[in-house]
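Letters A, B and C mark the chains as written, and numbering starts fresh at 1 in each.
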Amino acid sequence: MDKPIVIVGTALLAEQMQYYFAERQGRVVEAFAVDAEFLREDRFCGKPVLEFEEALRRFGPTTHELFIAIGFLATAQRKAKFDLARRRGYTLPSYVHPSASVAENVRIGANTLVQEQVVVAPFARLGEDVFLCPQVGINHHTRVGDHCFFAPAAVVAGDAEIGELCFIGTNATIRDRLRIGPRCVIGAGAVIMNDCDEGGVYPAARAERRA
Amino acid sequence: MDKPIVIVGTALLAEQMQYYFAERQGRVVEAFAVDAEFLREDRFCGKPVLEFEEALRRFGPTTHELFIAIGFLATAQRKAKFDLARRRGYTLPSYVHPSASVAENVRIGANTLVQEQVVVAPFARLGEDVFLCPQVGINHHTRVGDHCFFAPAAVVAGDAEIGELCFIGTNATIRDRLRIGPRCVIGAGAVIMNDCDEGGVYPAARAERRA
Amino acid sequence: MDKPIVIVGTALLAEQMQYYFAERQGRVVEAFAVDAEFLREDRFCGKPVLEFEEALRRFGPTTHELFIAIGFLATAQRKAKFDLARRRGYTLPSYVHPSASVAENVRIGANTLVQEQVVVAPFARLGEDVFLCPQVGINHHTRVGDHCFFAPAAVVAGDAEIGELCFIGTNATIRDRLRIGPRCVIGAGAVIMNDCDEGGVYPAARAERRA
């Protein structure tokens, strides 16, 4: 039987994970956990909110799983919590929405979210702790590193490589066969036609008001 | 048993609605109705075309439903007909394509069209008389006002607010957490990174011919 | 019973077609075939690789089908092989992924690939030898000519016309009611708001590194 889940975070992403795990999958969400500095409420989505270390003391890895629901504004903290959870022996579950098309030859790693109508095409590879928002497209033979976050409808064409800890914005476009270094930030709507070095920030050409 | 439907309009959108209601859902489309100035043919898709008020006299709200199939070129007229149909006591049906992913906690209003592979994510809210063309993405916690029209593949990221009577063009991108005022026109492919005041017109940066 | 298939090509597209036909549909892929100048390996995906004319001698049209898996870098060669296969009497199969939404009133031609979560909306028309990568949207009443290639998530709004032999790049946007002439190349992320003459090349406005 599935273990109950403790969700780390109490922002909008945590609310969504509670919906997916509890409402859609019928799993038990035991509690939410946040660092002391973010502890502002006793309950969230009808469940208790605990300080992070207190939650780990109460709900150990033999009886509970952890899901790190920290969004793209704090990817480094998500990675830190993910690594710590692993060291403590926790299993980190994943959620794949049934409307997503993930090819049979693609492996889904730990702490991964694949939302509505995402495509992960044949021969793609995903790292661990990857977030794919609705309608994201990871195309054939593309490799995605650990801890990446793809905002809604972001698309990477085939045979590309996305380094770890990247953020790819809403409806951004990455051409085929490119290499995107680790920790890049690709803005919403940006069109990437060349390789990107580590840590690059690429905002889109924005629309201007005409009338 | 479902009442027969009278479709208001005889343009391409009306043809599509006839397809969805009659061909896909097996409902009866009784007739089409248009204002006198647009009355140019007796029949459309094999059904009679009547002047609008004449259609309302023949097919009243106790026996028929109305669907206002007036597209994005005439949103104000769609709203006017929608309001009038409501005052006369008509029910206005909606159509959601089975390939769309609409979260269980989202309510679909009257005279709403949700086409192929649209995503309306958990905690989003839709007004009434909303048109979502194929592959549109309305993401988590985003609120869409009445009478909006989203062209194909337009995407609004999470926790945004779209005022009433907006047009969002094909494959346009609206970043998360923005406020788009009423009656804005966002062009095809436009990337919106800041709040938009009421009535703003935002065309995209267009591609130029190089060779 | 379905005839075995000979796939023409040994690049990434050929690998994908082998996956779709053999792994997903359970069909027999007999061999791969390439022109002599590209013959570099004896086997590909566990099957023999033959010189093109040799393959046609061994596997004739009464016992085998041909699929021309030559991608967008060599559209003219794909057309040449397609025409030759037709003249020799071969049937060219198509593959439509089950997650795609193709309206019932759309006909799928020979040597056509419709990948994950593509939408071909009601009243659209597709030519033959058309490649639609994942999440492509061909909207209502749009006509697509023979030998076109649509990269992932490219979108054409309604009632447009795309001439034969066009390439439409990843996440490109084509507004409704436009006419795109034959042999156009629309770049990844490009936004097309006007008709395009034959052979035009339209690159997108690219994102520039800011930090």
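We take it that contacts are C-beta pairs under 8 Å (C-beta built on N, C-alpha and C of every residue); 3 or more make two chains touch, one makes a residue touch a chain.
Just so you know, these numbers come straight off a predicted model, no measurement behind them.
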Problem set entry | Chain-level touch network, classified as line, ring, star, complete or other | complete
For this session: Using only the C-alpha atoms, find the rotation that maps chain B onto chain C and quote its angle between 0 and 180 degrees, to the nearest 5.
Result: 120
Problem set entry | Same or different contact residues where chain B meets its copy chain A, judged by the half mark | different
Exercise. What is the distance in Å between the mean C-alpha positions of chain A and chain B?
Worked result: 32
Seminar exercise, completed: chain C touches at least 2 other chains through residues 117, 135, 153, 171, 187, 203-205
For this session: Under the touch definition given earlier, write down the residues of chain C that touch chain A in their complex.
Result: 12, 15-16, 19-20, 23, 97, 99, 115-117, 133-135, 151-153, 169-171, 187-189, 203-211
Exercise. Which bits of chain B are touching chain A when the two form their complex?
Worked result: 101, 103-105, 117, 119, 121-123, 135, 137, 139-141, 153, 155, 157-159, 171, 173-176, 186-187, 190-194, 196, 199-205
